[in-house]
Amino acid sequence: MRQIPWEVMLIMLPLTGAMACFFWPRRAITLGLITALGVVVCVAGLGWRVLEQGAQRYAVGGWNAPLGIDLYADGLSLLMLMVTAVVGLGISVYSIGYFERRQAAHFWPLWLFLWTALNALFLSADIFNLYVTLELLGLAAVALVALAGGANALTAAMRYLLVSLLASLCYLLGVALLYHNFGSVDIAILAQRVELSPAVWAAMGLMSAGLLLKSALFPLHFWLPPAHASAPAPVSALLSALVVKASFYILLRLWLEIFPPAGAAPGQLFGVLGSAAVLWGGIQALRQTRLKLLIAYSTVAQLGYLFLAFPLASSVAWKGSLYLLLSHALAKAAMFMAAGNILRFCGHDRIVGLDRVAQRLPVTMTAFALAGVSIIGLPPSGGFIGKWMLLEAALRAGQWWWVIILILGGLLAGAYVFKVIGYAFTRAGVLRQTSRVPMTMEWAALAMALAALLLGLVALWPLSLMEIGLPFGGGDAG
Amino acid sequence: MDIFYSGMALFLLMTLIAGLWRVLHGPTPADRMLAAQLFGTTAVASLLLLAQALDKPHLRDVALVFALLAAVTAVAFIRRAWTVWEEEEGDE
Amino acid sequence: MSAAGRSRHSPAFRWGLLLLLLTVAGGLGYALLTLPDQAVGLSEQVSANMATSGVQNPVTAVLINFRGYDTLLEMAVLLVALLGVWSLGSAEVHRRIDPQPVLSLLVGGLAPLMILMAGYLLWVGANAPGGAFQAGSVLAAAGILLLLSSKRFPVRLMGWPLRIGLLLGLGTFTAVGMTLLFVSGGFLQYPSNLAGALILFIEAAATLSIGVTLAALFLGGRPQAGPYR
Amino acid sequence: MSSALLYALAGVSLFTLGLYALIVHAHLLRKILAINVMGSGVFLVLVALGGRTTGAEPDPVPHAMVITGIVVAISATALALALVLRVQAATGRAELPEEPLE
Amino acid sequence: MIVLQWVFDIMMLFALLWLAWRALSSPDLFTAIVLFIAFGLVMSLAWVRLDAPDVALAEAAIGAGLTGALLLSALARLNDLADITHDRHKSAAGE
């Protein structure tokens, strides 16, 4: 009995779905939802296989690396695929109510191509193939941002496109250097062959710079708030929850496998920039008057936490960072969806004008508040587990100063989340006409927020998944 | 023989660089465009020479693609750029 | 237009940037100089497997066979760019088209020649320089020439025939890959006796799609009579 | 120094030149040109270094990668140009505003 | 022969860098685009020199040909748009 190669299905299914949606624009929603469900089934299939048999490697075309391209699925890729599937399903459901028919015909094929790119990226074991997936991801994301129309969205999309292309080219130059130094583009083979040389340092600098730009680490975050704030709500959710994480994932892979001999100095730099992002993003979020911009700056801050694992570089720290990534994906998707609902309901997203939304849109506000719990890092949310692990790693490594950043960041997050919730309960000065929000949009947001909480309650299971294939090395179990 | 062909190619490359002057200083867009077209022709010639000199017959395909594609830029220039200016003069 | 060369940055910023970038370039140049003297690429692996690849041109073998998955995703990139352009709005078709005898004469002669050239490049790509992308771009050039010179916009072709043309390459590639998955047991794993034929089949479809997509990208928007009207 | 290395160095120069122009120039069309020049530079490095061994057949894998890259570049350029036109139509200028939002 | 080759290489690279520099710095956008087309052309010759005829073909068709046509038509449309907005302002001022 031949095994079904789930990793191939995970890439080809959304690709086929995207083509089908493009060909039958009138049936786009139905076809898209079927595809989304199919992808969830494939992730479950792959998950089962990985749990039973351990990390999986699949040689596309029967040509093994270094000549061909390998797909690789270990615990790390599996968790990324899972969170993509959950958030993707939520966004698919949410977008039914959000887009009118004409826009849906554009949204669905682009979104499914983006999903294809994400799945392909998380499964790729080849740095040049990763470049192609990055380009696919970038172009689809830019087109989705521009879907909102209007001057703000168009200029934001333009800026995003230029940044994304620049970053991809830096990455590609790094790939060129690595290939010509070691004769392969396969991550595992490079990991065996790599030894420090000026070319490796240059490649490391270029690839890291490109990927940091794409994952918007302070001070390279300037493009993120306008793009994430002016996109349509489901797209904002997508970008903040998944797209920025994709480039962070590549960075993580490269640093875990190819660049470990580079030592601690670059890691410290990442940590410092991450801390700056936590503080700066938090302060900026607090200062915003518009809800979507507040959430976008909160993304800048939250992305900062992920980089705190680099100076600590222990297994616990990596796991904590990944845990934060997963819970942030779910919580931020919930927040942007809730913001989309409020925008639809009130007709604007000025925070001071949130005229008693809490009483009038209880499900949405519950979703926002629950997502806020995870963003702040309060128990029993996924965010709490992630921060706890980072805290533990910092204390164990004797680098207590990161603890201060973790606490300050949490306080700032608490301040901006409660600012929104506070205004949501009070009557606004100017009253406006409100419009109805579809049920699917409200419940999709709540489902995402609940998933973020659930991640805190079932912590042991994801942590055991992270052990598969030992992406973070063995050693200190925590 | 090789030296003769390579020398010719080099000479053509030099004309190409000399032709840049027209692109930079040509008073009207048409001048600049024509200079660029001349580039294409020179490149075709040097490719044909190189094909002979290096004994690589497939370079002739490259030359052919050059020759064909030069027409597209020219027509794009005429159709888009030219009509706009004609309208400006003719309509008022 | 004259303001295009103007910059909004102060001279100090520009000099600082220049200095920084010169340092970067210097570092990169130094890194290049320290690379091993002999190339350490994959030439040997490629030539060792050429016999079973189905073609004689190593670049085509890499593009469609050894690393065909990259090419598959790249076809998706091309389509996504088109989707993005289409989602931005509809194309403005020429407002006024004057009959220009010279132009139609030129196009009448050139377009068939280009289509012929595209076919030639596609065919020759199996054992000499050429292949789907080169052929597709020449085909696109022919399409652009026709678009630029046609008196009437081919409205009737802008509905589903256009969409079929756009999807053909990616669709064929995907379909062949998935069929092979169930027949020979590996995604995009060509049986060596069929490899040549399958590669030509994929390339033919890809050429058509690349040509149509690039020509459609040139329009700069969704054709007016498109599916979303 | 071999000529392969010379071409690779020229590639690095093109990359830096493009980067400088991308940052300094405001007009979007020129930024797009800059990105394309940067791309050409990267492609030049990728192919040139494959021919370091004199006399041998050059490595075909970077050639295939560069063809992939060229097609990606034109796709991105086409999308970028379409976006520039919309930006100009919406804001009246083919430039990015100084302040990101409001 | 070797010397000729070196001269050829150096001239080609010089042309390449100079074209790129002028294309990115000349004040007139149209000139910039024409220079960019010429840049693509020389780029294609460089691929020939580097023994990459497949890439040379792709560059000749895409880099020098199609990108040039795309850029030219985009520039013409940009100017059209600028004229339209300009006219709109003029008529608004007149009324």
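A, B, C, D and E are the chain letters, set down in written order, and residue numbers restart from 1 in every chain.
Quick note on the criterion: a residue touches a chain if its C-beta (ideal position, glycine included) is under 8 Å from a C-beta of that chain, and two chains touch if they have at least 3 such contacts.
Since the model is a prediction, treat every value here as computed from it, not as a measurement.
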item	value
Path length in steps (a step moves to a chain that is touched) from chain B to chain C	1
Set of chains adjacent to chain A and to chain C	D
Which of A-D and C-E has more C-beta pairs touching across its chains	A-D
Furthest chain, CA centroid comparison against chain D	A
Longest centre-to-centre distance from chain C, chain (CA-based)	A
Separation of mean Cα positions, chain E and chain C [Å, integer]	19
Where chain B and chain E are represented by their mean Cα positions, the distance between them in whole Å	12
For chain C paired with chain D, centre-to-centre distance based on mean C-alpha positions, whole Å	16
Where chain A touches two or more other chains at once, by residue number	128, 132, 135, 139, 142-143, 146, 173, 177, 179-180
Touching two or more other chains - residue numbers and ranges from chain C	4-5, 28, 32, 35-36, 39, 41-42, 46, 59, 67, 70, 74, 77, 80-81, 84, 88, 121, 129-131, 133-134, 138, 141, 144, 214, 217-218, 220
Sequence positions of chain E contacting 2 or more other chains	5, 25-26, 29-30, 32, 53-54, 56-58, 61-62, 65-66, 69-70, 73-75, 77, 79, 82
Touching chain combinations (by label order)	A-C, A-D, B-C, B-E, C-D, C-E, D-E
Residues on chain A engaged by chain C in the complex (per definition of touch)	2, 5, 8, 12, 15-16, 18-19, 22-23, 25, 58-63, 66-69, 102, 105-106, 109-110, 113, 116-117, 120, 128-129, 132-133, 135-136, 139-140, 142-143, 146-147, 173, 177, 179-184, 197-199, 201-203, 205-206
Complex contacts: residues of chain B adjacent to chain E	2-3, 6-7, 9-10, 13-14, 16-17, 20, 23-24, 29, 32-33, 35-36, 39-40, 43, 46-47, 50, 56, 58-59, 61-62, 65-66, 69-70, 72-73, 76-77, 79-81, 84, 88
Chain A partner contacts - residues on chain D that touch it in the complex	15, 19, 22, 28, 31, 35, 38-39, 42, 45-46, 49-50, 52, 61-62, 65, 68-69, 72, 75-76, 79-80, 83-84, 86-87, 90-91, 96-97, 100-102
Contact footprint of chain C on chain D as seen in their complex	1, 5, 8-9, 12-13, 15-16, 19-20, 23-27, 29-30, 45, 49-53, 56-65, 67-68, 70-72, 74-76, 78-79, 81-83, 85-86, 98
Touching residues on chain C, where the partner in the complex is chain B	96, 98, 103, 106-107, 110, 113-114, 117, 120-121, 124, 128-130, 134, 138, 141, 144-145, 148-149
